[in-house]
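Note sheet for the following structure.
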Amino acid sequence: MDPWLTSLRTQTPQEGFELAIKMSRMGVKYTQQSDEVRASLREEYVNDYSALTAASHVIAVHFQTVAAANDWWR
Amino acid sequence: MDPWLTSLRTQTPQEGFELAIKMSRMGVKYTQQSDEVRASLREEYVNDYSALTAASHVIAVHFQTVAAANDWWR
Amino acid sequence: MDPWLTSLRTQTPQEGFELAIKMSRMGVKYTQQSDEVRASLREEYVNDYSALTAASHVIAVHFQTVAAANDWWR
Amino acid sequence: MDPWLTSLRTQTPQEGFELAIKMSRMGVKYTQQSDEVRASLREEYVNDYSALTAASHVIAVHFQTVAAANDWWR
Amino acid sequence: MDPWLTSLRTQTPQEGFELAIKMSRMGVKYTQQSDEVRASLREEYVNDYSALTAASHVIAVHFQTVAAANDWWR
Amino acid sequence: MDPWLTSLRTQTPQEGFELAIKMSRMGVKYTQQSDEVRASLREEYVNDYSALTAASHVIAVHFQTVAAANDWWR
């Protein structure tokens, strides 16, 4: 895998949130490496509210980590 | 995405709770960007108690982060 | 929403636990604001052990936050 | 509810684990207060491995809190 | 229940991981105390990838606690 | 089980993320030790978006631990 996570520091909470989204997706990508398969699955889950909530949950867990790494941008 | 998360600080725990709700919803919105689709899914999940509990769970995780960022409003 | 969360401090761990329950329920209420619908869904989920465990899980997450806010009542 | 949680301190990690179990069950009991219904649901879920794992998950979350309250019994 | 958790300290991260596995299983055992029933359920869930991931999740939560108790073996 | 987890320290966040993936998989492997069975189950779950999200969730929990162990690579 090419370098994609060199630091957990971000300028703003929002960038930290977006990094958490990236990390959530990379957790999927490491397991299912085919871009084509992921794109196909994506069409399904973006219309499934349980799946969307589950995705939001993973983002929340990663955001905890990113926020701590940035001392909560205090 | 327009700026929506510039700080994790809030005046009160309740505002922090409401920020956690916002963050939970934004986790969904980044994945499903269509307002129309989200509104349609919403009609279903607000009548599904498993989905409501799952949503409440994501809020709880984000609230942990917001509470820590505010030193628990001590 | 009227004020309902002005502090995370409680006198005892048990009051903190009960606050965590309140927070779990408010996470649902913000999403499904109809008292009637929630009461109707409640009749179902109180007889569904998966749902009861899921509710207990959300309480546990909020209780972590409340306990930290109270320095674990040490 | 009668007093049942006056302190998070325990003598040993194992007592802390057992307190976490108690807390998990109380999370259910506050939602479903009928002893009879809980006993009936219990017969089902103790034979359902998804439910047992979910119960173990809630215990794990509460144990984090209890362990922190006891400074990890160091 | 006989003594099985007298300390959260371990010599190595791997022993800590194995303790987390033990704790996950004990969370199940306290709820379903029959060795026979657990062995029977085990045959099913070891072939069910959702169940295996759920088990791995509980281990991850307990490992957080064990790692903190050991100051992350730094 | 041969030694596989001797330290939680890594050079970079990305290596820490990859260690979290390893830990997630080892949580499964300790429960289902057959390489053949795991490979067979893997074929299924890599095409199931709920399973992929669940796997990503476990990674996120382990990554919290690894990040803390590395003082968030600050």
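Order of writing sets the chain letters: A, B, C, D, E and F. Residues in each chain are counted from 1.
In this text, contacts are C-beta pairs under 8 Å (C-beta built on N, C-alpha and C of every residue); 3 or more make two chains touch, one makes a residue touch a chain.
Computed from a predicted structure; not experimentally measured.
*Asks:* Common contacts of chain B and chain F?
*Replies:* A
*Asks:* By label order, what chains touch chain C and chain E together?
*Replies:* D
*Asks:* Are the interface residues of chain A and chain F largely the same numbers on each copy, more than half shared, or largely different?
*Replies:* Different; most numbers are used by only one of chain A and chain F.
*Asks:* Measuring between Cα centroids, what's the chain most distant from chain A?
*Replies:* It is D.
*Asks:* Rounding to the nearest 5 degrees, give the angle of the rotation that lays the CA atoms of chain C over those of chain F.
*Replies:* To map chain C onto chain F, rotate by about 180 degrees.
*Asks:* CA centre of chain A versus CA centre of chain B: separation in Å?
*Replies:* 15
*Asks:* With centres defined as the mean C-alpha position, give me the chain B-chain E separation in Å.
*Replies:* Distance between chain centres, rounded to whole Å: 31 Å.
*Asks:* Among the residues of chain B, which are close enough to touch at least two other chains?
*Replies:* In chain B, residues 45, 50, 54-55, 57, 61, 64, 68 touch at least two other chains, as defined above.
*Asks:* Counting only chain pairs that touch, give me the topology of the graph as line, ring, star, complete or other.
*Replies:* Shape of the chain contacts: a ring, since each chain touches exactly two and the loop closes.
*Asks:* Should the ring be read from chain E with chain F in second place, what is the ordered list of chains?
*Replies:* E, F, A, B, C, D
*Asks:* Over in the complex, which chain B residues touch chain C? Could you list them?
*Replies:* Residues 12-14, 17-18, 21, 45-47, 49-50, 52-57, 59-61, 63-64, 67-68, 72-74 of chain B touch chain C in their complex.
*Asks:* Over in the complex, which chain E residues touch chain D? Could you list them?
*Replies:* By the definition above, chain E touches chain D via 1, 3-9, 23-28, 30-32, 37, 41-42, 44-45, 48, 50-51, 54-55, 57-58, 61-62, 64-65, 68-69.
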